[in-house]
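Consider the two complexes below, in which chain A is the common component and chain B and chain C are the respective partners.
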Partner chain A sequence: MEINAFLKNFADILDDTDAALITQETVFRDLDEWNSLTALSLIAMADEEYDVKLTGDDIKSSNSLNDIFEIIKNKG
Partner chain B sequence: MAAFSVNGVAVKGIACSVPKNKELNVDLNILTQEEIQKFIEATGVEERRIAPKDLCTSDLCCEAANKLITDLHWQKNEIEILVFVSQTADYILPVSAAILQDRLGLSTDCIAFDVPLGCSGYVYGISIIAGMMKASGLKKGLLLAGDTSSKLLSKTDKSTVPLFGDAGSATAFELDENAESLQFDLGTDGSGYKTIMINDGGARNRINSDSLIYQTISPGIERNACQLILDGMDVFGFGISQAPKTVNKLIEKFEIDKDNINHFVFHQANLMMNKMIAKKLKLPAEKVPYSLKEFGNTSSATIPLTIVTQLKDNLGNTSQSLILCGFGVGLSWGTAKVSLDDVVISDLIEI
Partner chain C sequence: MKANIKAISYYLPEAVLSNDLINRDFPEWDIEKISSKTGINSRHISASDEFSSDMAVKAAEKLFAEHSIDRSTIDFLLFCTQSPDYFLPTTACIIQEKLSLNTSIGALDYNLGCSGFVYGLSLAKGLIAGGMAKNILLITSETYSKFIHPKDKSNKTIFGDAAAATLISSEKGFCSIGDFIFGTDGKGAENLIVKQGGMRFPVSNSNDIEDEFGNIRNDKNLYMNGTEIFNFTGEFVPKLTESILEKSNLSKDDIDLFIFHQANKYMLNHLRKKIKIPEDKFFIAMDHCGNTVSSTIPIAVYEAQKQEKLTDIKNVVLAGFGVGYSWAACNLIIE
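After this line comes the complex of A and B, so read on.
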């Protein structure tokens, strides 16, 4: 699993956010577009792309996209 | 592995009823217009039917049952089992099925009990009634399933209000040695019991003076301890992984050819979740009907409501095979293959 591919997958679930804003350090919760529905898209992406089941707690306990990346990597 | 089949029991008819009272999600003031548009796009829910205070699930199911009995030309005294699947029974006790036995004018020889399951309840209910009829030789049975979930919600909880609607259903079963076997895969994962729950009011946490105090959980989510909690993220993760698994288990166990299935009717949870489930199972879009847009998530009534509102014109005077799949609160899930042979589908009742 590779971080750049993960960041691209994450950028793809957003509609109105510049992909340049999506980096390892991005605090996803602070993105204007982040809401409970984007969280569902993230869970769907983890399932589809990595066959990993992200829980609500996984997302709530994460800050940066790198945190999510590490969780998916460890569960995969 | 709870996969099994029941021979010799046929589904004879299905009827549904909904409240006349319609609520539009665009009219909600707990969400901004932008949030509403995004919500509708993701969940597919535009309208919901909401029961007024004096209309309960048992009332909706009673009307559906009466209409179905009339449309089938059944005699009420022939019905020997009544199962009421609901999480919004009239009282804590007695069971609503007993009240319904009397209201419907069924024989006192009739077996009647409640099953308090939600989203998986319709499939569980079919397995219970068919299994009991087959084992005991009862000739005719009624499965009543539905919920008035709106009564369980906080009006200031944006995570639940826009999703749930109210509906009731009645499904008729008859012993019939020529009936194709009903096939089931049922399962449970109680480790997720907190995902969808109401904390207070049962025996574990008796209702007390704190139960009705509203708490702010997060912006836009205020509720008290007697109202429904829905952890959307965990439900979503559960749905997209478990629903395809149980459908595949049924297909493998009974060597079902997917091409021979006319319709796959899923519990109507939310459009994004349901589309993902259909995609993972590689189902053609035209075989997967939805009633979410007009009715939202109506708990154990979603499957019969989707059949009645979306497939009625398809099902008359034909023989069709359906796979039904319910999943949710418990966590609990069930999939069934059901053959509908010349089945009576009553017109939707609005009360």
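After this line comes the complex of A and C, so read on.
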């Protein structure tokens, strides 16, 4: 699993956010587009792309996109 | 003896919660975009003096009128709700009186949510198979809106109130009811819950809490842990679909139409892709009413029939899943 591909997958679930804003350090919670539905999209993406079950607690305990990346990597 | 679905009708309360109204209360919530994903454009909300029995009666009266059904032929009433009028008496007894059904009927309430319609079909089939009843009126009715905190934008966007009435009969209908698969896992109880109001936690003044997405609610209100529910369905619904196909000796290709509990379009499409169901065999009809809990499946079946999606086809699979956790699936054979 590769970070750039993950960041692109994350950018793809957003509609209005400039992909350039999506980096390893991005605090996803601070994005304007972050809401309960984007959280579901992230879970769906982890499932579809990486066959990993990401939980609400995984998301809650994460801060940056890199944190999410690490969780998915460890569960994969 | 075969059990058949003869007719379905449904009732939506008059008041409409449109996207515009939601937008007025939550300007930060991009409702048009959210709606394009959830597939919900409006929800109907029960009046402050309108309760599940009132809606049940309206749905049943519609059923009798729309399909010319003689109410005196009804010999059993099954009523599914999680928002009953009272702790006691049984809401089904109130409905019997309001509908002027025979006093010789059996009537009972049962408490299930999104799986409730499929469970109701199984109970009705059992009553017919056991020779205990011939014409069963199954009513699903929910007023979840009364549980939702006015500042809980997530749940307000998803849920709508509705009631549906279905006649299941030993006589021929538009389809016969096939096999069933059930499932239950109480470990999910806390993920979809109204905590207060029962015996364990009577209603008391509890503090409003804001969640990570800015929704406000307290323990009197409906709480849904969306991410956990999403994961639960992703894990169990594919297995449920596989099990009902196996039980009914059908392959996925034999099924002409899948009608799942209409939770929201986003979740449904995720499940559809996971199970690999082609889009044209997967019915979605919730744009006008939202997630109406136990009424979503009968509403979708009604709409499918209206859109002639049940014409010239043979096999339909229904699947309900949610609060409990509780889930069930069955197959219908179109006559």
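In this text, the second predicted complex is superposed on the first by the 76 of 76 C-alpha atoms of A that agree within 3 Å, B and C clash if a C-alpha of one lies under 4 Å from a C-alpha of the other, contacts with A are read in each partner's own complex, and residues count from 1 in each chain.
As a working rule, contacts are C-beta pairs under 8 Å (C-beta built on N, C-alpha and C of every residue); 3 or more make two chains touch, one makes a residue touch a chain.
The structure displayed is predicted, hence computed values, not measured ones.
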Overlay on chain A: chain C relative to chain B, clash or fit: clash
Touching partner for A:53 - first (chain B), second (chain C), both, neither: both
First (chain B), second (chain C), both or neither touched by A:2: neither
Partner chain(s) touched by A:43 [first = chain B, second = chain C, both, neither]: both
Touched partner set for A:35, first chain B, second chain C, both or neither: both
Touching both chain C and chain B, counted on chain A across the two superposed complexes: 35-37, 39-41, 43-44, 47-48, 53, 55-56, 59
In the complex with chain A, residue positions of chain B that touch it: 35, 38-39, 42, 159, 231-234, 236-237, 240-241, 272-273, 276
Of chain A, residues touching chain B in the complex: 35-37, 39-41, 43-44, 47-48, 53-56, 59
Residue numbers on chain C that touch chain A, as the complex places them: 29, 33-34, 37-38, 154, 212-213, 215, 225-228, 230-231, 234-235, 266-267, 270, 273-274
Chain C partner contacts - residues on chain A that touch it in the complex: 15-16, 29, 35-37, 39-41, 43-44, 47-48, 53, 55-56, 59-60
